[in-house]
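Next, two complexes with chain A in common: one pairs it with chain B, the other with chain C.
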Partner chain A sequence: MEIEVLEKVDMNMRLLIRGADVPFINALRRTVITEVPCMAIDEVVIIENSSVLQDETIAHRLGLIPLKTDLDGYNLPEECPCKSEFGCNLCRVSLTLDVESKEGTRTVYSGEFISENPDIVPVSDKIPIVKLAKEQKLKLEAYARLGKGKKHAKWQPVSMCTYKFLPQIRIDSKRCDACGKCVEVCSRKVLVKAGDRIEIRDLMPCTLCQDCVDVCPQNPPAVDVSWDENTFILNLESAGALPPERIMSEAVKILDKQLKEFVRQIKVKKSEKS
Partner chain B sequence: MIIPVRCFTCGKLIGDKWEEFARRVKTGEEAGRVLDSLEIKRYCCRRMLLAHVEITDEILRFYEEAEKRKEARNYYY
Partner chain C sequence: MKVKTLKKTSSELKIEVEGIGHTICNLLQKRLLEDENVDLAGYDIPHPLSSNSVIYIRTKGNMKPEEALRNAVKKAHEMNKEFSKELKKALKKI
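And now, the complex of A and B:
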């Protein structure tokens, strides 16, 4: 298997993976979404709330705020040696918020959280949490924990993880009369007219929609769109908690661990029979 | 009410982009171009900002008016 990084722009990553198959890539995708842990606020103790939003609404909003995660420094609550329902400082981070509007209406932002651990802070300082009118108060303590996407979407480290086959477009230059209809119809602008020929401008955005094949006046069409079943373009967009390359390496590690456990279980079952 | 923290469909963080979006659209910029420059690509996230109405501001007006009345009362007595 060969992996090539096509694009890596802050929270986005696009990989070209050769020599893999659908079950494997899909397993990887599902592992990224459901099994890679990240940090999110899980429990909120509201001490005072005289804002226009209810306690539950505020707690829900807080839960959805992505937090910068330190995977090596914290344990999953169910795997933590403290075995406590409440948590210890190895599996829980407390964040506090104490705001009051003294002068007119004001917005409370995620940047106003005071975290126990300065590394575990909201990804962005500018997320509005609530708006307070004069003399309204909000005082609360929130506990962030590691969790997995299969339990709640707030623990998903990605906002997008998709894959598609690598497109292969062939233009039969003998039959093509460069009418340009396929260039016009393509919404992703994959094809381009170069003199009396149709050429491929950029193959990657192609969605395999086959519009160019359908619009071709030649019979059979001069354009042929197919795909390579062993080559994939994997597109990953992190929600901000972890960098995309870390999410990927963590997913591979988790998948590997699960497969090893699966093999071990099979062996145990076999030995029970004999 | 107030801008949601994340996109309902995909989970991308959009809450922090609302204020810039609203400000720039108010100054007369085309909404689609603002969304492009904020790098909001998918239509699920785009509709979050495009279709949002900030109702909290309307509710808070009642509190602001009440505050003004209170100040006026203090002024006369």
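And now, the complex of A and C:
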């Protein structure tokens, strides 16, 4: 197996993976979306709310705000040794909001949160929460916890995690007359006309739609689009809670742990029977 | 994760596992089918709202189905470890 990082910019990461197959890459993708934990506001105690939005609507909006996560310093509530429903300072972080609009209408942004841990803050300061008119107040205490995406979408660490096969485009130069129809029809501009030949400009954006094959006037078509079944392009965009490389390594660790637990359970079953 | 045996003969094994879904089951099915001694391998999720899956393995008679299952998990585990190693290597390069 070979892995190459094609692109890593801010929260986006693209990997080229050779020597894997669909069930494995899909297992990684599913683990990234549902099993990698991250922080999100889970409980909101509203002390005063005279805004136009209901308490539960504001609480719902607060839950969806992505928070920067510290996976090593906090425990999942199910695994925390305190075993209390309220939580301790190892499994929950409190964020407070105390705003009012003194004159005119103003918007309350996520940057106005005061967190008890300066590392666990909203990813972006500019997320609007609610608009307050003159003399409206909002005062609340929010408790953020670690959680997994399978319980609620607010705990999904990624905004997108997709994979596709690596495209393989072959142009038969003996049959191609460089009419340029395939270059025009391609919506991703994969092909380019260079003199009296058609060449591949950039292979990566190809979506394997086969439009260029359909439009080729030759019979059989001079351009052939196929894919390598064991090579994948995995695209991951983090929502900001964790850096993308951390999400990927956590996913691999969690998959590893699940497989180990499965083997352990089968062994237990085997020894029970015999 | 709880495992319950539904059917067990010398060449067949049907187990119900709580707490795993398509993520692990599809991976194990593919690994099991790569084994020459495995005749049939499949999984079913009886109800989408309960996280139970049923794994069924039938071997050609010269290997116990539990052993085939353990080999499949071992193969999946090794691929996972290799991915982890290669990922660390690739991230160091940039």
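In this text, the second predicted complex is superposed on the first by the 274 of 274 C-alpha atoms of A that agree within 3 Å, B and C clash if a C-alpha of one lies under 4 Å from a C-alpha of the other, contacts with A are read in each partner's own complex, and residues count from 1 in each chain.
Keep this in mind: a residue touches a chain if its C-beta (ideal position, glycine included) is under 8 Å from a C-beta of that chain, and two chains touch if they have at least 3 such contacts.
Since the structure is predicted, the reported quantities are computational estimates derived from the model, not experimental observations.
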{"item": "Clash or fit, chain B versus chain C on superposed chain A", "value": "fit"}
{"item": "Superposed model, angle subtended at chain A by chain C and chain B (C-alpha, nearest 10 degrees)", "value": "150"}
{"item": "Partner chain in contact with A:61 - chain B first, chain C second, else both or neither", "value": "first"}
{"item": "Chain B versus chain C as contact partner of A:90, first or second or both or neither", "value": "neither"}
{"item": "Chain B versus chain C as contact partner of A:27, first or second or both or neither", "value": "second"}
{"item": "First, second, both or neither for A:45, with chain B first and chain C second", "value": "neither"}
{"item": "First (chain B), second (chain C), both or neither touched by A:153", "value": "first"}
{"item": "Chain B versus chain C as contact partner of A:136, first or second or both or neither", "value": "first"}
{"item": "Partner chain in contact with A:262 - chain B first, chain C second, else both or neither", "value": "second"}
{"item": "When both partners are placed on the shared chain, which of chain B and chain C touches more of chain A", "value": "C"}
{"item": "Smallest separation of CA atoms, chain C relative to chain B, angstrom", "value": "20"}
{"item": "Chain A-facing residues of chain C, complex", "value": "1-3, 5, 8, 15, 17, 20, 22-24, 26-27, 29-30, 66, 69-70, 73-74, 76-77, 79-84, 86-91, 93-94"}
{"item": "Contact set on chain A toward chain B in their complex", "value": "52-53, 57, 61, 64-66, 104-105, 110, 123-128, 130-131, 133-136, 153, 156, 158-160, 237, 239-240"}
{"item": "Chain C contact footprint on chain A (complex, rising order)", "value": "1-5, 8, 15, 17, 20-24, 26-28, 30-31, 34-35, 245, 248-249, 252-253, 255-256, 258-263, 265-266, 268-270, 273"}
{"item": "Footprint of chain A on chain B - complex, ascending", "value": "1-7, 10-13, 15-16, 18-19, 42, 56-57, 59-60, 63-64, 67"}
